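So, here come the structures, one by one.
Two complexes are shown next, each including subunit A; its partner changes from subunit B in the first to subunit C in the second.
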Partner chain A sequence: MDASLLLQLGANGLSVGLGYGLAAIGLALVFGILGQVNFAHGEIYMLAAFVLWWLVKWFGLSYGAGFALMLLLMAGVGLLMAEAVFLPTLNRSFESVILASLAVSIILQNAVRLVFGATPQRIATPLESVNLELGSVLLFGQRLMVAAMAIASMLMLSAFLRKTETGRAMRAMAQSKEACQMVGIDPRRITRITAMMGAALCALAAGAMAPMFDLYPNMGTDIVFKSFAVVIIGGMGNVAGAALAGVLLGVAESYAGGLLGAVFRDGIGFALMIAMLLLRPQGLFGKSVRV
Partner chain B sequence: MTRFNILRMLAATLAALVFGAASAQEIKIGFPGPVTGPASFLGQHMKWGAEQAVDEINKRGGVLGRKLSFVMQDSVCRPADSVAAAEKLLSQDKVDVLLGDLCSGATLALMPVVEKAGKPMIVSISTLPEITAKAGVGGNKWVFRTVANDLMLGAVIARQAAGYKTISVLAEDTDYGRTAVKLLKERLGAAATFVSEDYVKPSETDFLPMLTKYRSTKPDAIAVYMLDQQGMNVMKQYLQFGLTMPLIGRPPLVSPLVTDMLASGKFNTSWTVYPYYDQYRSAENDAFAKPFTEKNKQGPHYVAFGIYEGVMIAADAIKRAGSTDANAVREALVKSNYKGILGPIAFDANQQSHNNLMLMTVNNGSLVVKELVSGK
Partner chain C sequence: MINSVSPYLLHIGVMAGIYVLLVLSLNLMLGYCGLLSLATPAFVGLGAYASALLTLRLGCDSSLTLVAALVLGAASGVILGIPSLRLSRHSFVIVTLSATLLLQLVASNWVDLTRGALGLADIPSLRFGSFRIDGKPAWLATMVVVAALGIGVFWTIVSSRLGRAMVAVRDNEPLAVATGIDVMKIRLFAFACSGAFAALGGACYAHYLSFIDPGLFGFSISEALLVMVILGGSGTLWGPVLGAIVFTVLPEALRMAPELRSLLYGVLLLGFVLFMPEGLARCLSRPVNRAASAEAGQ
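Up next is the complex of A and B:
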């Protein structure tokens, strides 16, 4: 076992893990603030990737311009999600939002298959052939961008939640919906904002990560499972916890996959998730409602 | 009898005539195949291939003066769903012949279904050897297979792989992947060292840990056994890693979607053995591949070729049987000597045919058919 392999696996794990974190923040945010589980999270990711592909392929936009426009469109989709799923189920039991978001995920998957077909697609990015070599460790341009975006969006989100009026209102909502109404915070407005931000963050992950792989209508399935694993390990609804849990999962998977073999890679994620639910159901970083 | 009753009887007779005629008219071929799920891209190609065969046959006047039709039900390429789809095809659509699913696990699950129903099934895509072993003499007499199985492919692949000293394996974690690797290892024996073996779930898209390992262990070749979409992701990431060892076994070199990656020249000396490749030039293949490409804007994938010939063989057997009676069709299938695109197709005692196979290599950035090799 040579040191360069271990270093490379570590670097891979960090970059992949930050990607997991980025993909999971949207889910963690919606759960943390609204207390609602969004099973359509993976399909929002998939839709964002296809929208980006569509903008680049059919309107000839550059990757950057397409990415920016796609984020706006996906925030709009988040608003639709709020109107169609989160608002009608806001005061109902948690099963109704699970069913409603599952319905959205099935509709989106099949709608995309109907419109764009099942043939896998690819998005070309200016960074895809850029590699950086640090000693013996190979770093990939696109993966570095994912890592940078994950860190930046995490810092910005936490600043937003702490420093702005809206952010504080969102945190208040996470603590108590009833108390919010008493002090004049409109839960419906917060729901819309949270859903839009959740969708946009998910779209940010899709725009950065999807070009590394193929695009196909089922691509959201794996993302949603990984995101749930990350959110459970990090503590349901804990945004910073999700980021750290993502890194932890990424590094663990990388070493398991590289040293033990590919079959151990997925096992480790779910084993961590089960262990967490058994031993520390509030997650690694606890405080399930804090954001 | 009142006038109302007479009218009612007339209407009933008329309806019986119309519906009776419709059901007598069409000979149905049913296919439980993936419309959704990770293999849906291949399912699409299979649908196109089958539809082309049906169109061609109907243009020539159909079979036994009746029109041929093709019905596909979604199997997601999973055993349980495939069985459900087949049950539906057999009981509701009342198909006369069934085509085997794409994924071997699903096709295997279909075997007892057709045995119970007493309907012939033609397997033109799944390559698990067990299907051959369980069919024909002493086994399931309803299952016929036109595609070479992994034992046959493995024998040809192992012959080609003889020169490599060290090999790493990357395969999907299914019957298909694991069996193919087992065969390769058995055939090569001590002549090659297997540096690493990785089995990944069919929906895995990230191969960073494995490619990292290859970069550090530098095997002579990487044996890849997976479906196209997944293999394409491997190839894409392989390019990013700047690796240069050849991909051997069953990498998806034939997929129309990797042509631009091959053009980079980084896959030169990679090779594979497939039942079919659309760029192979012969009058028989042009007659199939050209109209296909024109209509679907993509060259036919080998699964499209397989199912196209499957439908043709079914139609040929029904014609020779002179009826759609399942036993008569089965008898006719046993005696098949169909002139296929790559050579004659006939079935052995296990109802397996031994079509010619194609050995293909990447040469100067494009895939070429090096030779047709016997599937015997």
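Up next is the complex of A and C:
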């Protein structure tokens, strides 16, 4: 096994892992702030990719413009999610939230299948032929963009949660909904904002990563399991933990796939997750919304 | 008389019988233990593959393969339950779902054993000694008996001490612990039973349709089961059973495309979870109470 292959696998893993982290922080944010598991997370990812494809294909928008418009639309979808799922179940058992979001995921998946069909689609990106060579390591432009977006959005989310009034209100909500109401923070408003941000972060991941994969109505299933594995490894609801766990998972998958075979790449996420649950159920970094 | 019924109707009847078993599996966890388990398809797949492989590879008698499926279902319930039932209830949902997908991955990739995505074809029908269950009328009769037995066992469980303990843990865990109920043991028992019901259903499915593939582990079974259990009324005996029958017959009667059916399932599930979480069974069976509580509300 030569060193350049190991380096290349590491670089691939790092960039894929940052994408996993980016996809998972929306889920971690919703769980951390609202204490609710969004089972429609993968379908929001899928819908975002299809909306981007639709904007580019039918309205002839450029990738960048389509991306920006798609983010806005998906924040709107997040608001709809809040109205349809998170707000009605705000004071109900967690099963209602899971079941309601599962129902939304079933609806979205089959609606997309009915509207766009099951034929795999592709999105073109201006970074198609842009590559960066560092010594023997080859880095694809789109992967670099994913990595850059992941790092930038994690830093921005962190700053938002720490520095802004709304961000602090969100962290307060994570600690105690009742105390929030006493000091005049409206939990319904925070719920809406959190759902919108969660959906937008998920859409950001989808828009950045979609050009590298085929688009099909079931694609959300893969990403939601990666995201679940990531939030469990990182600690449920821990946003920074999710980001780090995403990188960890990406690197582990890359080495497992490159050295052992493709089957092991898919299995390693589950294996890590099960091991984590057995040894350290609170996750690597514990449950907190420290970012 | 039964021979004059069209084979298509008989087929729907057999499928309804299989779904009754699966619904018992989910209802025991979701309805009586208050734990959302998405592992039912995992047990279905394990039971189906175990029984089919024992028959195809070793030529075992069905009495043996069905017992093997039951034991495997119960054992995997225990094995999966020991780590996952200790977790928060959120994590339990995620782990049961992941276990199902992990098994799907194994079924797709362990080609030597399962023939991977090609699936197992030509699985013989059930055969007990020299008695073979042949043709749809015989299958319908068998499934009616098996489903009735399943309902009987389920009723025995939920009306026993153990069943009451499950409900006690569901409704007030600290109080249940204070009265000396071993929560972990109760839940493990329920999960093992849930596994056994589903594995038996899976085995029947494999022998009836004579073909299985890794798609059996997919989410679509959970999707249909959730609709059946929740609309029927989770935590009641007959609601989900009726749900299983209605939601096996209805999509066939309406001849819906699978996407449209799933879409309808999603909408129904969302509507019921939000507006009628107790399901139809309890809403219909307690009209007086509802009227009374409505008055009390005013």
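The working rule: the second predicted complex is superposed on the first by the 286 of 291 C-alpha atoms of A that agree within 3 Å, B and C clash if a C-alpha of one lies under 4 Å from a C-alpha of the other, contacts with A are read in each partner's own complex, and residues count from 1 in each chain.
Going forward, a residue touches a chain if its C-beta (ideal position, glycine included) is under 8 Å from a C-beta of that chain, and two chains touch if they have at least 3 such contacts.
Everything numeric in this text was worked out from a predicted model, so none of it was measured.
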Please determine, from the superposition on subunit A, whether subunit B and subunit C clash or fit.
clash
Should A:274 be classified as contacting the first partner (subunit B), the second (subunit C), both, or neither?
second
Let me test your reading of the model: by the given contact rule, A:126 touches which partner, first (subunit B), second (subunit C), both or neither?
neither
Touching A:76, do we find subunit B (first), subunit C (second), both, or neither?
neither
Partner chain in contact with A:263 - subunit B first, subunit C second, else both or neither:
both
Which partner does A:64 contact after superposing on A: first (subunit B), second (subunit C), both, neither?
neither
Partner chain in contact with A:221 - subunit B first, subunit C second, else both or neither
both
Just subunit B (first), just subunit C (second), both, or neither: which does A:113 touch?
both
Give one of first, second, both or neither to describe whether A:98 is in contact with subunit B, with subunit C, with both, or with none.
second
With both structures aligned on chain A, tell me which stretch of subunit C collides with subunit B: 21-29, 39-47, 111-119 or 165-173.
111-119
Could you pull out which residues of subunit A sit against subunit B in one structure and against subunit C in the other?
109-110, 113, 221, 263, 266
Considering only the defined contacts, which subunit A positions touch subunit C in the complex?
31, 37, 84-85, 88-89, 92, 94-96, 98-100, 102-107, 109-111, 113-114, 221, 225, 228-229, 232, 236, 263, 266-267, 270, 273-274, 277-278, 281
How about subunit B: which of its residues touch subunit A in the complex?
36-38, 40-41, 43-44, 170, 173, 196-201, 203-206, 208-210, 212-213, 215-216, 229, 232-233, 236-237, 240-242, 257, 298
Of all residues in subunit A, those that touch subunit B in their complex
2, 4-5, 8-9, 12, 16, 109-110, 113, 117-120, 122, 128-129, 131, 138, 140, 212-214, 216-219, 221-222, 253-254, 256-258, 261-263, 265-266
Could you please specify the touching residues of subunit C with respect to subunit A in the complex?
30, 34, 36, 83-84, 86-91, 93-95, 97-98, 101-102, 105, 109, 219, 223, 226, 230, 259-260, 262-263, 265-267, 269-270, 273-274, 277
